[in-house]
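Here it is: the structure, laid out below.
Letters A, B, C and D mark the chains in the order given here, with residues in each chain numbered from 1 onward.
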Amino acid sequence: MSVSRDELRVFLTEHFPQGERFGTLERSGEGWAEMILEVGDEHLRPGGTVSGPTLMALADVALYAALLSQIGLVPLAVTSNLNINFLRKPMAGQPIIAYARMLRVGKVLGVGEVYLRSKGSDDPVAHATISYSIPASR
Amino acid sequence: MSVSRDELRVFLTEHFPQGERFGTLERSGEGWAEMILEVGDEHLRPGGTVSGPTLMALADVALYAALLSQIGLVPLAVTSNLNINFLRKPMAGQPIIAYARMLRVGKVLGVGEVYLRSKGSDDPVAHATISYSIPASR
Amino acid sequence: MSVSRDELRVFLTEHFPQGERFGTLERSGEGWAEMILEVGDEHLRPGGTVSGPTLMALADVALYAALLSQIGLVPLAVTSNLNINFLRKPMAGQPIIAYARMLRVGKVLGVGEVYLRSKGSDDPVAHATISYSIPASR
Amino acid sequence: MSVSRDELRVFLTEHFPQGERFGTLERSGEGWAEMILEVGDEHLRPGGTVSGPTLMALADVALYAALLSQIGLVPLAVTSNLNINFLRKPMAGQPIIAYARMLRVGKVLGVGEVYLRSKGSDDPVAHATISYSIPASR
């Protein structure tokens, strides 16, 4: 099954009403998604850099979108494990781009990875691997 | 070096002005800290349960407090790795309590773990291990 | 269901014929297990300290034993995620003790943690969290 | 600094005398390395599939080689964190190929990722992210 970017956008907006905090779906395809986060004051930590929780939330939503683009719009998948390495300071004043893709989608578990970078740079600011539990009854 | 709970509270409030989103320091000692988060609408995900990013942010701040209680009020320690397992749904309407303690504080790296549970229950809703890079010049 | 230490030992020996490389089950109870590894040359890395892969293998078997002590002797549970932090050098010439306990055993996923330390010391040399996929048909 | 594949091979052989258990360096460049493991009986777990500890050890050595190819032949870098997701059963009778690359090499910490797959397949059997502490005095 494959889900269009527009269907996925509507679904994410409905299920994450505070979605602007988590970024906007830019592009997606079967098993991958790209989101962009325009950085606002609520995303910053002391010193003016994007906070770790902001990056974790963005990674989580981006890979969730990648998973849904493959298995369909199942609202009940939940994150079971998240591992993130923070690699570099994001560039000041630049949006954060998250590229997420699934590495494996099984019957009850989906695993993927996410690269986060500042717009205008290729160097990752963080890298995450995330697992989702998929409800058996889908 | 040891830091009192009141010193730590003032420091966290100054450095995390949006602190009420991240919880309140209840108790602390050398190398450990306990925080409590009163759950509000901004912490919920669809379905009414506490969101993953809220739990990750709480774990991160709680272990940061545990680290500072041991090394002193160094503002420049940054999270380098975070691994979290989500174990159970939090109990509806209950605050989340985070108990954090350091496992190892070296010269350039500190590592610890955090148990998150709903107030009134002993079962962990999540468990995290987190590493911090400590600036060499402290 | 609970499994006795002796039943668990026999099972581990049958299923891990190279078991002496992975340690010996010392004690166990529902949802926890303690193993000990007598360190030999094959466990050392250059410099004479216990190698990382040895510690990872020991952690994995110890928590597997903890899981089986709770769900019964199911041979088909497989490791899905392992996260380990290496904290200190083990003490030279001392066995390694692994204390493992489950944090959550669900229908399809079990998650737990393991503390590894040198015999005669309380400081952990490593800490691991591990997830297992449990076959649905048990 | 860059290190040739042959220099790296000699170094790994000297420092991992039990190296055949960990695979052979096939190719390398600045910040990346590819290793291959011919699977023998000592690498198998019950049921005949490649064991988790074998895959973890291979991932660890492959990324260590990638790190050394960038920072030079520093014998004292040590693994500080390893996270691995097991994704699929390896193909029976096939060697395992590990492709490792650094995501970030800082002054005291190096972080990278490793894809493990069976020869003849593009699907990853496992994916690991690993951090190394780099001695300050290099």
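The rule is simple: a residue touches a chain if its C-beta (ideal position, glycine included) is under 8 Å from a C-beta of that chain, and two chains touch if they have at least 3 such contacts.
Because the structure is a prediction, the values reported are computed rather than measured.
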Chain pair with more C-beta contacts, C-D versus B-C: C-D
Greatest separation from chain B - chain, by CA centre: D
Whole-Å gap separating chain B and chain C, where each centre is the average of the chain's CA atoms: 28
Centroid spacing, where centroids are CA-atom means, of chain B and chain D in whole angstrom: 33
Computed distance of Cα centres, chain D from chain C, in Å: 23
Set of chain D residues in contact with two or more other chains: 80-81, 83, 85, 111, 131
Graph class of chain-chain contacts, one of line, ring, star, complete, other: complete
Chain A residues within the chain C interface of the complex: 80-81, 83, 108-109, 111, 131, 133, 136
Sites on chain C touched by chain D in the complex: 15-16, 18, 42, 45-46, 52-53, 56-57, 60, 75, 78-86
For the chain B and chain C complex, residues of the former touching the latter: 83, 85, 87-88, 103-104, 111, 113, 123-124, 127, 129, 131
